[in-house]
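Please read through the structure below; I'll follow up with questions.
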């Protein structure tokens, strides 16, 4: 599915899957939770080792062994691109990552592992861009996913992306255009915070407003060098904003067996507001959800994953 | 004019005026430059003493004595309010500060001082909210002002205010509404940076979207607690955005004898983009201007005032 | 006294004195509190106007009118130098500021104003470098001052200055020595935070380790470019550290009618520790004091001045 | 060797070793470079995957394949403790990590892998606390190591640790002592920056000033709550400071086949000064070295590892 993707990213990727305690010694079938990583993450990087933090497998072992969460398989798909991520979407600028997940990864998992196949036993959750992917996929692929979790998922683009447009313009101007910026970025031995902020908006534009006629196949949401927002491109972005997608996908959302939403009260990308507005849209269409806020920022919040794992695990068991 | 203003701010105010070297020993008449201070500033605070910086009067003495700038009177009006400022506008929530300036201060200055009365010898400049005031007044009061300067003036609200809306919502929610926030703010022995960020948006709402039916007479641009932007109120704000006012006031701008615009390349409020977009609008209506950018941020840039004083001084001589 | 000071700073200075309510309509004599400003401050800058803060005269009017504090005169001496300050000391590198205060200003005040002359009715307090000056003068000039206040006064140099030595070395090296640095500093239209950090250590060296044979008459506490601390110079600094001066000046401290000490719990210069250690030294010599800590940092804490004004006012009445 | 260590850390640990290209298809023997990770790192965490950075094995493959560096084995020892690290020392408070490395790991590597055994073909390098460990081990164990590299290694404790003592005191006081702090730390789902700063000083005290009679077996370099530095304990720290160890270990340093030292010019822990002072001490004893500085800070500088790998690789070939 990723064959010949426009960025030259690998089409063959490792797929890491967590198997619950007892899997090998039983014939049981298990529900499956897909956990989507955030921007700049890959499946493998989710398994990075920090001696002061709990790893994903230790977390799931603990939750399942303690009985808090019914046993489940957890799949960590890799939808990374050279731009830092794909938002788990199809885009002419990055590749067909939504198709890859739905048409290639999900069938493969069901073929190779003893899953309880079927959307009622399959959920999707994630953090940040992974939370975005989860919201998006739950709305667009209800035949595949029956439960949704999102931790600090990208939403309400006017708050989570727009405030970084000025830095984006400054960064692109400094390098003389998107192609020169990206060429420079690739060679940086250390990806600075400033460079990552520019890359983030560029990657979002690759996902939300691709245009084969433009440099790198990407239409920008701003004019250069004035920074003025281009209304037509911004509309394309908003069409991909979860808070704007709710009404159109009301039936899909109504069909979810569980919707879990959270964000930290000090999220640097203002995603607590994205979460609130997403939930207010769910209210408007009469869909129940579980919404939590916690006293933390955007980074280092893997301890929150317990919540969606437990909630989705119960709903999908 | 400020009698019975809604915030209970003083109606009688000191007015500080700079007189050029030689004023007392001559019968000459001088052009007048009105310099408008930024948010939280007053006329008097512009004369604060910093042993490591040049004071306003020393600056003008130097510019005039060296011959860089023709002799001029400089007036420092006080349009401060308990909310931190008035944007030099009329508002039912703050008072009639535009009228106060045009109908009360300007005639008073012309009456008391040996001015060259008349718009061709009267200019307006300022910094930050004062730059905003200068742009606004030049566009709306061309019969009063014949030249415009703006240093890092508020413009393109999507970049200079909108990114602070999330902090505003957080701050207001913490205190339980605008009235409780403001009551708390007034008692703070030290106005923290966080409190000032909240006050700033509240003050802008008082200026751009007053509504006598709302608490404090202010309609907010966001829903509480979700933070969602209210499209109708945002439209009221945009109607006051200098970049949106240009077309309607094309004739006024065409009549300016000089337009000087600058901002720092690292302005924390992204006002370099406001300046660029304002200038691009001037291009569209065919109005010439002088636009400069410099390598600095928003604070401590009084050394830039030289530029508008010199340019306006020459144009108004 | 300041005639021909080595930095060429003015020898004639304005002296601002606060007179209590009723002064003009009475024949009463009043105690005097000398308030010493912090680094980069002057007497005049203490009167700067901030519409959101209480000015020094309004503060004293309020404290006296409410009866919290007995009526007193307050003197705001100016011991500023081109290096940012003098620490209220005599130094061959800056001038004779201790002598200036004790031999010139105090007699002048007693001559011109209706003071209760005599150390039992004369106190000294201040903030930051002014708190340092107050501690120093109380210890060294007990015949002049009978009460001491210090708000976040410089003390325990290993915590308040030493951590900035690396930045100092970097800054001096960048400019190629102290003389080139200072020449550059003077021309900066805007004194950046980085430049001020370098200036601060340079000024302290001018006060604590002057040496006429060295560039600018200043011996540095560090080797260039390695940054290694020079033990002999550091000893000169420590001899001026209030916490090291206590034992030698035990009698002076015992003679104080009141010692008030405070600092914020989040002081950026770690001066809460200087205050604690100073107080522990007072404990060792059996001198009573009033020690307070508050939840704030180093900046914008003028609201704390109430405390030393009230305590000293009562002790000196 | 780590059996029954006082913190209850694991005695059996995975040991990750890099084998150069061609190892499996040859009978050749290779020199060995030990790379020591920084504070909070483990052997395994050095292999964490970041799609935007080069992994350790890819780095060595590239350096060796291109011919820049002769083929070598690289060993990544794990000397992590529950306190975040061991400084690669023996301490009654943490365990016998120096013995573990020298007496257990090095022999094991020589037994299991085709190494060129002998100190002339064995080097040690590392970053931050790992650079400290490398300096320490090269000085104390010259019979084991014949070459030294250090990237931003801990040195000159007055600059790299002392400035954090005030934060340490504040953090310990908030929790009511070291034992309560550590109990709290362990339970934190997210280790905040503030908590890590406190832990860092606590861990250094465990390494440099252990004392079985004190809580957690650790003597603190400061008095609580005043923060005053305890001279006797500070002396114990200084005895472990690389810049103070040089003279005593002059012969060991003279025997090194290569000494490589670097640090970034904006290192947050001021380690560029530690490097400079360490080198000035080498000058004093007449030992040659290679010293480099680069324009970066302390974090994300793995791209610098190329330099010590290349220099040590050549010297040990």
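Annotations for the structure displayed:
The first chain written gets the first letter, and so on, giving A, B, C and D; residue counts start at 1 in each chain.
Here is the rule we go by: contacts are C-beta pairs under 8 Å (C-beta built on N, C-alpha and C of every residue); 3 or more make two chains touch, one makes a residue touch a chain.
All values derive from a computational prediction rather than experimental measurement.
Judged by shared residue numbers over all numbers used at their interface, chain B and chain C contact each other through mostly the same positions, with over half in common.
For the pair chain C and chain D, the distance between C-alpha centroids works out to 43 Å. Here the CA centre of chain A is 56 Å from the CA centre of chain C. A straight line joining the Cα centres of chain A and chain D is 37 Å long. With chains as nodes and touching pairs as edges, the resulting graph is a single ring in which every chain has exactly two contacts. Per the contact rule defined earlier, chains pair up in contact as A-B, A-D, B-C, C-D.
Looking at the complex, you find that chain D touches chain A at residues 40-42, 44-45, 47-53, 80, 84, 189-191, 296, 300-301, 303. Remark: chain A residues 156, 158-159, 162-163, 165-166, 169-170, 225-229, 265, 270, 273, 276-277, 280 touch chain B in the complex.
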